[in-house]
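A quick write-up on the structure given underneath.
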Amino acid sequence: MALQMNTEELMAFLDREFPQITGEFTIEDLGEMRIRTRMTVSERHLRPGGTISGPSIFALADVSVYLAVLAMIGPVALAVTTNCSIDFMRKPEAGVDLIAECRMLKLGRVLAVGEVLVFSDGMEKPVARASMTYSIPPAG
Amino acid sequence: MALQMNTEELMAFLDREFPQITGEFTIEDLGEMRIRTRMTVSERHLRPGGTISGPSIFALADVSVYLAVLAMIGPVALAVTTNCSIDFMRKPEAGVDLIAECRMLKLGRVLAVGEVLVFSDGMEKPVARASMTYSIPPAG
Amino acid sequence: MALQMNTEELMAFLDREFPQITGEFTIEDLGEMRIRTRMTVSERHLRPGGTISGPSIFALADVSVYLAVLAMIGPVALAVTTNCSIDFMRKPEAGVDLIAECRMLKLGRVLAVGEVLVFSDGMEKPVARASMTYSIPPAG
Amino acid sequence: MALQMNTEELMAFLDREFPQITGEFTIEDLGEMRIRTRMTVSERHLRPGGTISGPSIFALADVSVYLAVLAMIGPVALAVTTNCSIDFMRKPEAGVDLIAECRMLKLGRVLAVGEVLVFSDGMEKPVARASMTYSIPPAG
């Protein structure tokens, strides 16, 4: 399976469809069935003490799987998350970007499943682990 | 088990500890091992078409379980989410607040487990279902 | 939505399609979008000390949602579990049957979502909580 | 962190503490924070058509994380599963053993988190993905 969209096309699609999150996420690496995404941490992601909020970590995992799916199937804005399981394992470093390493485990006709490890940039041990299922709308 | 905090105390605690989310969440009903929470939907929660973002729904479920735990054990800012499983089942109504109905299923010495149904205000069928585990720091 | 199968039809279907588990599960109550199922505990479900194994509790939750789905859509052997999230919260009572209270939260064209609370028979506090997604094969 | 138990010690512990499952599981490879486990498929794991039951796949993931935890912390029979999320992605091959590749992501004082990919022996694409949390009893 070849990539249907490259990094520039994915970012342009994201900016156009989801203007609310422009500038938050950057694709660092893209391949077949995998992506690495950076979340540029800013004030809106923080909790007291400088830690990053759970919803922000969820958002990073979610957008990473979404982009990995789009890269494989093309610009289908209607792909939707149907399930997420997430384990929060360590406190993120204060003031450090988050990196998501995402791998697609299944890309079916109806459902796609991806798994994500989230790291504080430069750290070896993951902050969180997530698995997400996306429902893919019928072609046509 | 009696409530350790009432609605006013919980809201004051939330405003003080999490000023970033002030005004987003309101407690509608509080009881032993249960809470109903409203998310006042605004621009920052939306996606194109007026639907509410997944991270916003996650945030509502998360804060609901957090408040339900605090109500039972008192103001322990360090309780942290360790796991969440969430099913997104229906598209939220555009421009309508979300309501979370949360019930605690376990309140142990170390772990608390709550489940949440999220509704578009006034609708019968849930938008999402979530279960969350919180780790409770040792007393002392 | 009316029931497409009654208790007797469901049990006959289960015995015919899944002879390996004959006698393990009994339907105690059946309604639209809900079911109560009993697992008759025997030697094969046990772990040392008389507790019931995790896989046995998983099996009870899984079969309960499967039966609740079949009751609503008719005998479709090919409905398959695609996701399960389960929280084990308390040790089951030794030598006591398990009861699953299952409620369907969504019955879509492609996906069905159910949630289950599992109890030791007669106890008030749940042993486990599960949510399951089933993929429904296209009609044809 | 060095291994506290080797393959022979783990298998002897499993046989002694869980005699019901003797012969089902074999350790194929063991390292720090990782394990590969084989489930020898027999009649009791099967469903009509030769496929392997969901509870059997769950059991393999569960025992793999349990053994990986024990290998790191020593023989603590009381470590218990508190949460599992599992995605069933493909139908297992009929009549073929299952292989679990397990990696521990966190080994804390109170909680351990592992992730597992399950394969039909010799196949490249995973049958299932699971993440499990174990609660570790206090030392004493």
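For the reader, a short list of remarks on this structure follows.
In order of appearance the chains are A, B, C and D, and numbering begins at 1 in each one.
Definition applied: a residue touches a chain if its C-beta (ideal position, glycine included) is under 8 Å from a C-beta of that chain, and two chains touch if they have at least 3 such contacts.
On a predicted model such as this, the values are computed, not experimentally measured, just so you know.
For the pair subunit A and subunit B, chains touching both partners: C, D. Relative to the C-alpha centre of subunit B, the farthest chain centre belongs to D. Of the two chain pairs considered here, B-D and A-D, the higher C-beta contact count falls to A-D. Where subunit B touches subunit C, over half of the residue numbers in use are shared by the two copies, so each contributes mostly the same positions. If you average the CA atoms of subunit B and of subunit D, the two centres end up 33 Å from each other. Here the CA centre of subunit A is 28 Å from the CA centre of subunit D. The set of subunit A residues touching two or more other chains comprises 82-83, 85, 87, 89, 133.
Against subunit B, the residues of subunit A that register as touching in their complex are 17-20, 43-44, 46-48, 53-56, 58-59, 62, 80-89, 91. Every residue of subunit D that touches subunit B in the complex is listed here, in rising order: 82-83, 85, 110-111, 133, 135. Those residues of subunit B that touch subunit C in the shared complex are 85, 87, 89-90, 105-106, 108, 113, 115, 117, 125-126, 129, 131, 133.
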